[in-house]
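Paired with chain B in one complex and with chain C in the other, chain A is shared by the two complexes that follow.
Take a look at the complex of A and B:
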C-alpha cells in the first residue's frame, strides 16, 4: 500500500467543525494579540485547574502544556528541551515541562521572546495557577518556574485522590475526600479573588457552570456516537476537539463548538458515513498522542485502522447537578465523577479526583466495557518516556485485555519531543500488529 | 531469641540477613507489616502491637518478575520493591502498608495489590501542600490508619499506648543523632557505610531492640581505634531512599568520607522528634507532614527552602555534596537544578549522580566520584 504521509505530518482533519475550530474559538487562537490589547492579568495555568474560574475572573490564560503541543507540532520543542537539559532538568522529565523551562531559559538569554517561539511567545505572566492533580511534575513545575526564573504568586491546588481499594461508599471516607476537594477549590477561588481585587460573582459563575455543563454534555454525546460502525470521527479530529474542553469550559464558544460538532457527527452517523469507508480495524488509544506527528492517525487510516476512543481527556456523562450554589455544584460534579471512575477499577488510575473532569488513564473495567461498546479489535498504548502519569499502567491494561482476548500494541515515543520518534521502527511495529490481528482472524475465520 | 553479635557486628548481621529478626518474631506470634515510607507512621503500627518492617529493595538483583506487570519507565526503587515481593521475599509478612509519598508509590500500590494480593493491604493518603486543610486531611488519614491497625491487630490503640510508642521512637531518634555526632569529627569515628547498616538494621526490628543496638554501637564506636581514615573530601549525600550500602561504600572507596546525608532513611527521618502533643496525632502530623523534608511536599517557591541542606553540611563540616537521584524520580529531579545552584552559590561543590538503583554503570559512577573527591583535596 502506498503511504503518502511524511515522517512528521500534521493531521488532516476529517470534520468541518474541527477544521474550522478557529472560527468557534477565536479568542483562544488569538490569545497573544488579545492579551497585548486588553492588558488583562495573564495567568499561566494547566489542565486540572477548572477553566471556568479564569472565565469568572475575566483573566487571560496561557497553558504551557498547550504551548508545548504547539512547539511540538512546529518541531521547535527539541530546541527548548535541549535548553532545559543544559539547565539541569533531566531528560526523563516531562517534555512539556522541559519545553517550558527551555523557553524560559531562551527568554532570559535574549532578554525577551526568543524569535523561534511560536505565536509570539507565552506572554508576561502575572501569576501561576497550578494543580497537584494527575502527577507530581505539575505542581513541581510551577514551583520550579517561580524558584528558578521569576518571582510571581503561585497557587497549586491539592485535590487528593483515593487509592483504588478505598471504600468510597463509607460516608465518612467520602466526606473526608470531599472536604479536602472543597477546601482546595475554595482556596483557589480566594487566591484569585485577592489577585483580582474582587469577590467571585456567584450569579455570573452559575451561568458559567451551566454553560460548562452543557458543553460537556454535547461533547460526551459526540463521543458516544463514535461507537457507530463505521466510526464517524477519528483521533486526528479528537485531539484538536479537546481544546475547548480543556481550556475554554464556561464560555459560550465551547458550547457552540461542541453543539456544532455533535450535529455534524450525528448527521454522519445517520447517513452511515465513516472516516474511512472500509474499516478493517477499530482501536482504542491510551496516552497522550505524539503532538509532532498527529498525521500518524491518517497513516493508520490509510491502512484501514481507525481509533474510536481515547483514554486521555475522555469525558464521562456529566451528572445531573443543582446549580443553586455553583461552587458546590463544581465540587459535586468532580466528586460524583470520581466515585464513578473508582467503580470502574482504578488500580492504575490514582487521580480520580480531577477538577478538570476528564480522564488521564481509565479503569480496567471501563476498558473491558469499551471493547464491547466500541466493537474494538485491539488497543494501542503510546508509552511516553517522559510522562509516568499517562504511561505507567499500560502493561497492566495489556494484561487485563489479554485475559479477554484483546491484543495490545505498546510503542514508545514522546508527546512533545520528536527526538523520541523513530518512524521506520514504529511503523513496522504497527504493521506487525495489524498482521497479527489478521492472522488471528484468519485462524478464527472472523471479520477481515 | 537474639543472636550473639553485638553493636556494629550485630547491625551488619541484621543488615545482611534481611528480615531474619522479623521472621523470628513472627514465629513467636507477632504480627508483621511491611511498609514503604514513613508517611504511614511506624509509631501507629507499633502502638497496635504490630512490628513495622520497612520493605527493602535489592539493587544487586535485577528486576525480572515485575516487568510482567509494570513498565520499565517508573521509579526503579519502587519497581524493585514490587519485584522482591513477586519473588516471594515478603512471604513472612502479614500484609503491606503504603502511603502516597509520591505518585509512583500509589500507582505501583494498585498494580501490586491487584496482581499479587497480600493478606492485608492498606494505603495512607498524603496531600502535597503545607496548608491547614491538607494538614487536617492528613490528620484524619492518620485517624483512619489507627482504626485500621486496631481492627487488624485486634488491639486498641489507646492514647497512652500511642504516646508511649512516640516516646520510644523519639528515644531512637535521639540516639541516632548521638551517633551522627560522631561523624562530625575529623576523621569521623564511623563510616557512612556502617551508619547505613545500623539504620537499615533498625528498620526491620522492634524499636526497643533498635534502641539497645544503637546504645551498643555508640559505646563501641566511641571506644574503638581504627575508624575511617582521614580524607580531604567530606561529603553530604542528598537524595532518594538509600536502603543499600553499595553507593555509599563506593563513595567511601573513592577517596572520600560520607559524613552526613539528606535522605529518607537518614537525617530526614530523625532530625525532628515527634512533639508530645495532647492529641498524639497532632505531633505525628507536625513531624511527618511538616518536617519530613521530602521534595514531594510543596514548600513554596523561596529558594531558602533549601537552607536546611546547607545548615546540615556546615554542621558536619562537609565540603561537597553528592546528589544521588534515581531515574524517573520527579520530586527530586525538579529540585535538583535549584538545590545545586543554591549550594554552589554558597561555595559547596555539587555532583549529581542519576542512577537506576542497581548501579549498572558502576565504573562510570566511580570515575566521576573519584574525580569529584580529587577536586576537593
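Take a look at the complex of A and C:
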C-alpha cells in the first residue's frame, strides 16, 4: 500500500468548514492584531477558565497551551522545550509548560520577542488567569511564571474533584461542591472586575452564556453524527474544530462555526459520504494528539483506519439550564457535567473525576457504549511522555477493554515535543495493531 | 543515646510487623494515610491508629500491570505493597488529593484492593476564606466516615485531646531539630530521619515518651568538635518519601553534616501546630491552610497584585530556613515525575543564586549507576562549598 504522508506531516482537512475556520473565527486568528487595539487587556489564560468571562469583560486572550500546539505544528517547540530544560525544568514536565517557559526565557534573553516565535509571540500580558482544572501542572504553571518571569496579577481557580465513588445525587454533597464552585467563580469574577474597573454586566453575560450553550449543542450534535458508517469526520478535522469550543465560547463566531459544521456533516451523512470510501477499521482515540504530526490521522486513513471519537475535549450533551442568573447557570453546567461523567463510570481517570468543562477522558461504561454506538474495532491510547494526567489510567483502561474483547494500542510520544516521536517505530506499532485486528477477524469470520 | 536511636531505627526498618502485633494486642483499628497533610488527629480521636504509608523497600512487580511507567516512585511502590497484601492489616486508607497521581491511585486501589474504609480527602490548592469553608466541610465528611468505621462518635473533647497529643509530639520534634542545629554532627542525618519516620508509624504517645528520653540525652551530650573543613548543609525538596539513605550517607562521608531540612519526613511534618482552643475541626482546617509554603498549594494573596508584599513564598521560606540553620549550602532533592515540585525548583534555584547560597539539585529516583554519578556530584559540590567557606 502506498503511504503518501511523510514523518511530521500537517493534517489535510476533510471538511470545508474546518478548512475555512479562519473565516469563521476571525477573533481567534486575528488576536495578535486585536490585542494592539487601545484599551484591550491581554490575558494569558488556559483551557478550564470559562472563555465566556473574557468575552464578558472584553479582554483579549492568549492561550499558552494553544501557542504550544502552534509551535509544535511549526516544529519550533523543540527549541523552546530545550531552553526550558536548560533553565532547570525536567524533561518529563508538561511540554506545553516547557514550551512557554522556553519562550519566556528566550524573551528575557533577547529583550523582546524572539525571532523564531510564531505569530510575533504571545504579546505583552497584563494578567494571568489560570485554572487548576484538568491537571495539576495548571495550578502551578502561572504561579511559576509570576514568580520567575513577570510581576503581573495572577488568579488561579481551584477545581473540585469529587472521587468517582462519591454519591453526587445526594443533595447535601451536591450543595457542598456547588458552594465551592460558586465561591471560586465569584472570586474569579471579582478579580476580573478589579482589573477591568467595572462590574460584570449580567444581561450581557446572559446572552454570552446562551450563545455558549447554543454552540455546544450544535457541536455535540455534530459529534453524534460521527456514529454513521462511513464516518463523516475524522480526527484531522476534529482537532482543529475544537478551537471555538476551547477558546471562543460565548461569541457568535462559535455558534456560526458549529452550525455550519453541523450542516456540512449532516449533508455528508444524508448522502452516505465518509472521510474514506472503504473503512476497514474504526477507532476511538485517547489522549491529546501529537500536534506536530496531525498528518498521522491522514496516514491512518490511507490504511483504511478512521478515528470516530476522541476522549480528549469530548463534549457531552449540554444540560438544560436556567439562564435567569447566568453565573448560576455556569455553576450548574459545570456541576451537571460532573454528575453525568460520574454516571459514565469515571472510575480512575483523573481528568474526568475532575469535572473541568473541556477536557474529558471517559470511563469504561461510556467507552463500552461507544464501542456499540460508533461500531468501533479498537482503541488507541496516546501515552504522553510529559502528561501524567492523561496517561494515568491507560493500562487499567486497556485491561477493562480487553475483558470485553476490544483491543487497545498504547503508543508513546508527546503532544508538543517532537523529539518524543519515533516515526518508524510508532508506525510499525500501528501496522501490527491493524494486522492483529485482521487476524482476529479472520478467526471469527467477521468483516475485514 | 545510640540505644534510643536504635529503637526508632527498628520501627522504621520493620514497621508492618510491629503494627500487626500492635493491632493484635490492642484490638484497635489502623488507618493508613498517603502523604501529605492528612489530619491524623481525627483518626486518633476516633480511637484508631493513623500511620503514614510510604514507599516500600521491595522491588515493584505487581503495580506495573496497572500503572504507567511515568508515575512517581511513591505511588507505584505504595500501590505495589497494597497489591501484594503487605498492608492488609489496614482497616482504611486515606488519600489526600494533593496531586493527580495520588487521586488516580486512590481510584485504582479502591477497585483492585480495597480496605473497609477508602477515603479521598480533597485539599484545596488555593488558600483563602472560601477554601477554609470548603476544607471544613471536607473534614466534616472525613470525620463522619471515620466515625462509621470506628463505630462511635468523635467528640470535640476527644479531638482536642488528640490535637494536644500531636502538638506535644510536634514541639518535641522541633526541639530535636533545634538541638541538631545547635550541635552539628551530633546526630546523623539517617538517625534524625529514623526518628521522624517512626513518628509516622507508631502510636504518638509512645513516640512522645521515646522522644522525651532522647531529648534528655541529646541535651546533655556535648557538641562534637567540628571536623576540619566541616560543611553544613540544608536539605530542601519536600519529597513525599524519605530520601535514599545512601544519599545521606554520601553527604556525611564527604565531611558534611545536615543541619536542617524541609522534607515531609522532616521539618514539614511538625513545623506548625494546630490551635488548641476553639472549634477543633475548624482548627484542623485552619492548620492546613496555614502550612509553611508548599509546592502543592497556590497562595492566592501572594499573586493578586504587582509589587506584592506579605507572606513569604516558597523560595523566601527556604532561604530563611537555610540562613537560620547556619547552613553553608542547600541540596535540593527533586523526585522524578513529581510535577508540583518541578515548578518550584527553578525559581528556587534562581533565588538561591541571587542571594549567593551554594546549592545543588539532585534527582532522587534510584536507578542503576545513578548513585555513582550522585556521589561524584555531591563530592564536587561539598568541596566547592568548603573552598568557598575557607576563602
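To be clear about the criterion, the second predicted complex is superposed on the first by the 437 of 448 C-alpha atoms of A that agree within 3 Å, B and C clash if a C-alpha of one lies under 4 Å from a C-alpha of the other, contacts with A are read in each partner's own complex, and residues count from 1 in each chain.
To be clear about the criterion, a contact is a pair of C-beta atoms (placed from the backbone, for glycine too) under 8 Å apart; a residue touches a chain by one contact, two chains touch by 3 or more.
Bear in mind that the values here come from a model prediction, so they are computed numbers and not experimental data.
Peer 1: Given the superposition on chain A, are chain B and chain C in a clash or a fit?
Peer 2: Superposition result for chain B and chain C: clash.
Peer 1: Is A:183 touching anything from chain B or chain C once the two structures are fitted on A? First, second, both or neither.
Peer 2: both
Peer 1: Is A:304 in contact with chain B, with chain C, with both, or with neither (first, second, both, neither)?
Peer 2: In the superposed model, A:304 contacts neither chain B nor chain C.
Peer 1: If we overlay the two complexes on their shared chain A, which of chain B and chain C does A:407 touch? Say first, second, both or neither.
Peer 2: Touch partners of A:407: none, neither chain B nor chain C.
Peer 1: Which partner does A:191 contact after superposing on A: first (chain B), second (chain C), both, neither?
Peer 2: In the superposition, A:191 touches chain C alone.
Peer 1: So, does A:132 touch the first partner chain B, the second partner chain C, both, or neither?
Peer 2: After superposition on chain A, A:132 lies in contact with both partners, chain B and chain C.
Peer 1: With both complexes overlaid on chain A, does A:399 touch chain B (first), chain C (second), both or neither?
Peer 2: both
Peer 1: Does any part of chain A touch chain B in one structure and chain C in the other, and if so which residues?
Peer 2: Common to the two interfaces on chain A: residues 87-90, 92-94, 132, 135-137, 139-141, 143-144, 146-148, 151, 154, 156, 158, 160-161, 163-165, 176, 179-180, 183-184, 187, 347-350, 383, 385, 388-389, 391-396, 399.
Peer 1: For the complex, which residues does chain A have touching chain C?
Peer 2: Against chain C, chain A makes touches at 87-90, 92-94, 97, 101, 132, 135-137, 139-141, 143-144, 146-148, 151-158, 160-161, 163-165, 176, 179-180, 183-184, 187, 191, 347-350, 353-354, 383, 385, 388-389, 391-396, 399.
Peer 1: Which of the residues in chain C come into contact with chain A in the complex?
Peer 2: Residue positions touching the partner: 65-68, 70-71, 97, 99-101, 103-104, 106-108, 110-111, 118, 120, 122, 124-126, 128, 130-131, 133-134, 137, 141, 295, 298, 300, 303-308, 313, 315, 334, 336-337, 339-340, 342-347, 349-350, 361, 363.
Peer 1: So in the complex, the part of chain A that touches chain B is made up of which residues?
Peer 2: 87-90, 92-94, 132, 135-137, 139-141, 143-144, 146-148, 151, 154, 156, 158, 160-166, 173, 176, 179-180, 183-184, 187, 346-350, 383-385, 388-389, 391-396, 399, 410
Peer 1: In the complex, go through chain B and note every residue touching chain A.
Peer 2: It comes out as residues 67-71, 73-74, 100, 102-104, 106-111, 113-115, 121, 123, 125-129, 131, 133-134, 136-137, 140-141, 144, 295-296, 298, 300-303, 327-328, 330-331, 333-338, 340-341, 352, 354.
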